[in-house]
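When the chains are written out, they are named A, B, C and D in that same order, and each has its own residue count from 1.
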Amino acid sequence: MNIDQTQAEIVDDFSFFEDWMDKYEYIIQLGKELPIIDAAYKTPEHLIKGCQSQVWMHAEEKDGKVYFTADSDALITKGLVSLVIKVLSGHPAAEIAQSELTFIEKIGLKSHLSPTRSNGLLSMVKQMKLYAYTYMAQQQLKSQ
Amino acid sequence: MNIDQTQAEIVDDFSFFEDWMDKYEYIIQLGKELPIIDAAYKTPEHLIKGCQSQVWMHAEEKDGKVYFTADSDALITKGLVSLVIKVLSGHPAAEIAQSELTFIEKIGLKSHLSPTRSNGLLSMVKQMKLYAYTYMAQQQLKSQ
Amino acid sequence: MEKLKSIDIPFDIHKIRAEFPILQTEVHGHPLVYLDNAATTQKPQVVIDSLVEYYTQYNSNVHRGVHHLSQLATDGFEAARRTAQQYINAGSESEIIFTKGTTDGINLVAQSFAKAFLKPGDSIIISAMEHHSNIVPWQIVCQQYGAELKVIPMDENGELILSEYDKLLNDRVRLVSLPYVSNSLGTVNPVDLIIEKAHKSDIPVLLDSAQAIQHLPIDVQKLDVDFLVFSSHKVFGPTGMGILYGKEKWLDLMPPYQGGGEMIKTVTFEKTTYNELPFKFEAGTPHIEGAIGLDAALKYTQSIGLENIQKYEALLYQYAIEQLSTIDSLRFIGQAKHRAGAVSMMVGDIHPFDMGEILDKLGIAVRTGHHCTEPVMNFFKIPGTIRASFSFYNTFEEVDRLVTGIKRAKAMLS
Amino acid sequence: MEKLKSIDIPFDIHKIRAEFPILQTEVHGHPLVYLDNAATTQKPQVVIDSLVEYYTQYNSNVHRGVHHLSQLATDGFEAARRTAQQYINAGSESEIIFTKGTTDGINLVAQSFAKAFLKPGDSIIISAMEHHSNIVPWQIVCQQYGAELKVIPMDENGELILSEYDKLLNDRVRLVSLPYVSNSLGTVNPVDLIIEKAHKSDIPVLLDSAQAIQHLPIDVQKLDVDFLVFSSHKVFGPTGMGILYGKEKWLDLMPPYQGGGEMIKTVTFEKTTYNELPFKFEAGTPHIEGAIGLDAALKYTQSIGLENIQKYEALLYQYAIEQLSTIDSLRFIGQAKHRAGAVSMMVGDIHPFDMGEILDKLGIAVRTGHHCTEPVMNFFKIPGTIRASFSFYNTFEEVDRLVTGIKRAKAMLS
């Protein structure tokens, strides 16, 4: 599945839930599927400091694709990270960099999450694209 | 006429005017009857500084009675000083000290004048009573 | 809940709630349960009306104006000062300074007091349970003047250790500044005793009363406190407004904090003479609307009666503690014997942020995080707490909803 | 009056007046003629409504809150910052600091800038036509840091003498601070030129825009001004609120002004790290309601159009000057070629206070006295002036009433 297909699937999944409490249950559940960051990487350099919760994230390239692992001290945050990783992880850097994450808006996360939380989500996405750009730059260098 | 009689007369005079503009005309007119302070006394020590206009005032005792002279740089203020002097001047210090100036309230000055102005009026009255008390103290000293 | 006889409750809570329009609203489809009163309080209709009335009928700049509107505005503004004076029983109107809020008031005192009295080697005493607003201003002046900031420690219950306070008091201490009531722990400090001890060494005391003014009757003369500050927005009045009470004997010796209109007597380019109290400390056009709204708020609170409020809130607080205690693995952060206003807690190792977000979806507004008291969080070694803070318009049913909400969120988050 | 064709007037003045409730009131039995706009402006219904809406629907403390109301309040508050940014075309939101008003903004810059940059022997330049709020803060810091306050003189017309300004500029000058528009003379200063000259020597410029923001379109990037301050209450918004614009490059180098909540990143008793811009300069709970009201006010003004306002006010001002000139023995204080907002005058040797009081009884609100610009009064050797100051909701008929009123008062007072 490419990035947009995963997004579509997530939007579909969320449409099953009418109640926001159920959506939260689902998000929390997703947190449990998060590919957890190696303890060795749980350092200040891998920290994305939000206002109230913390996220550690690591990126790795394998066979032309970028894989993310992460963790957070808050469960809902963890679920959100998991969602974004589900969408972006395992794709070529160029696709990640150019992706448009429309699912966030579509499933109402942006308007329902606290701004602290949704700003955190946005800065997470930004960080992931930054990783992707870094890999692209490295590839560029290698190919020269 | 004693202090209260003069007050009654003033209240009576003012009751002729329905319009506040007429009352102002009258107050301004009264300013012209103000016993003007001797130029020699128009010094900083005789100054009662209001917020927007200035009043100079002098008190003198003659035959057991206190006489006031004054001046102001603003005409309405001058009229108000004139009113108060009309009431208080020429009476024994003790009477001045103990007088209650009910006419100010009665003719509506307190509610119609700007507070700047009516506060000025009150501090003027205070100052005059202070003069009176000073004379009383001096008499007391002399009589000992 | 049923145990409480209506006879215990000193007012008609339904009537009171009806006076606060926002309490009639819904959040995420649930009737709002507003338990973030330590952050800011809601406004009764009379306060809202007073603002509308001001702007539709007599808005004008104050002081010095000869015209009618200016008179009305000045009267209203100065009446607010007298209301505040009377509310805390200050000796004189000139001891009541309008500020922007608690933080502004503390900064004013810190800067002006330091300029007049602080010398290298001196010290200022604060406490372990300060809001940042009562830490940073003192750090700034201490650094500026080469003075030292000393801290009265607290114990695990969130009570100040007074024997340690005694040891800090010496003749280099210039001022003691501490909260009457802690915003993150709810602790009501023994301020009478603390003031008495400081005064024995002629040291003045500032009480940060941001969390006391809406819960306790305050009498500055009885307390004999030297400075006292609070925010209008935490006592049912508008934002952007606060009160600094200061004893005349101190305020007279302190230089002005800000320069500008209103605070001067005469100005030339060479020399400026400052106005008398309270105007010396009120530079610029004041927050006239804020004063008028605060006036309405204080009068409203007085009409209910601080004693009634205190009595009702004590019952409510007690009930909340009892009911919350039934939640498995919930622990209170701050267990001082004498508490008011705020209840801080942790549930297992659930992140407060997660808990807050789920509660919000159930219509329950609590605050999570460090509540601007990071040193308190460091002391307890936690990232933050879940804080429910009460006002007299909260009900026993709302406590029940909070407890149910926490239980539900706990189930989701465990 | 008749000369003006309706085609000249860029909006429907009756519709506009209907939007300001206070303009429908009477004073002493006469319809109010409010000509004290330089002191404070009246509020349109949309501003009043925004306050009511805030307190009845989403009042809450801002930032860091997870709950719904806190989100709405934060959104509203930060939207106001963007509105202000866009209003003066600032490059970034982080250059927009919420203050208490102009005076607060000037004090903030004076204290923080001085702390970072002012050394003994340095100087600060202000002008001969300053409001006290742009004199006293600089006197205080100059005294504090051993610097000198220098003054650009003006001529009899109330225009700054730029050749003298040139002479004052040297490499010990740290900052130039002056009014865009004078509140007592109405002079619109040639600020482009003044800024350009200062920048040639790398000296930053602060524009006190208290009397410009409601009359002229302002573009801080085009002006290339370093700091700009104004008050909400003078631009149809609530009291207790103001804006400080500062270039990031300066604000970044300046230490915070006040300490407390919101302005910190982390706090321990040993060390505090400050938050980034704009929060570094916003200690304490902000005046949320004030920001929301200001937002409504700026949007309202924009909906009318600053160019339209400027055009209409120019016609009105011109008409006022013409009509007032017909009054025998009336002389204008301040006759600069380029003027806006305020008209100051004397009538014979009638004390302004007397004139103001009589006009008030006729329902006409003007201000009398020194208008917080004592040095200006000393320069002209007068005790004060009668000042009529206009806004776009004033009418040509109101100018006529002013003229008639002055004539009547003059007859009484001569």
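Note that a contact is a pair of C-beta atoms (placed from the backbone, for glycine too) under 8 Å apart; a residue touches a chain by one contact, two chains touch by 3 or more.
All figures in this text were calculated on a predicted structure; none of them were measured in a lab.
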item: Chains touching both chain A and chain B, listed by label; value: C, D
item: Chain of greatest Cα-centre distance to chain B; value: A
item: Between chain A and chain D, centroid-to-centroid distance (C-alpha), Å; value: 48
item: Whole-Å gap separating chain C and chain D, where each centre is the average of the chain's CA atoms; value: 32
item: CA centroid of chain A to CA centroid of chain C, Å; value: 41
item: Touching two or more other chains - residues of chain D; value: 28, 64-67, 70, 353, 357, 360, 368-369
item: Sequence positions of chain B contacting 2 or more other chains; value: 51-52, 114, 116-117
item: Chain contact graph, described as a line, ring, star, complete graph or other shape; value: other
item: Contact pairs between chains, per stated definition; value: A-C, A-D, B-C, B-D, C-D
item: Sites on chain B touched by chain D in the complex; value: 20-21, 24-25, 28, 51-53, 73-77, 113-114, 116-117
item: Chain C residues touching chain B - in the complex, by the definition given at the top; value: 64-67, 70-71, 74-75
item: Chain D residues within the chain B interface of the complex; value: 28, 350-354, 357-358, 360-362, 368-369, 383-384, 412-413
item: Interface residues, chain B side, partner chain C - complex; value: 51-52, 114-117
item: Touching residues on chain D, where the partner in the complex is chain C; value: 21-22, 25, 27-28, 32, 34, 36, 39-40, 42-43, 47-48, 51-52, 55-61, 64-70, 100-104, 106-107, 110, 131-133, 135-140, 149, 151, 231, 233, 238-241, 256, 258-264, 266-269, 272, 283-290, 353, 356-357, 359-360, 364-369, 372, 374-375, 378
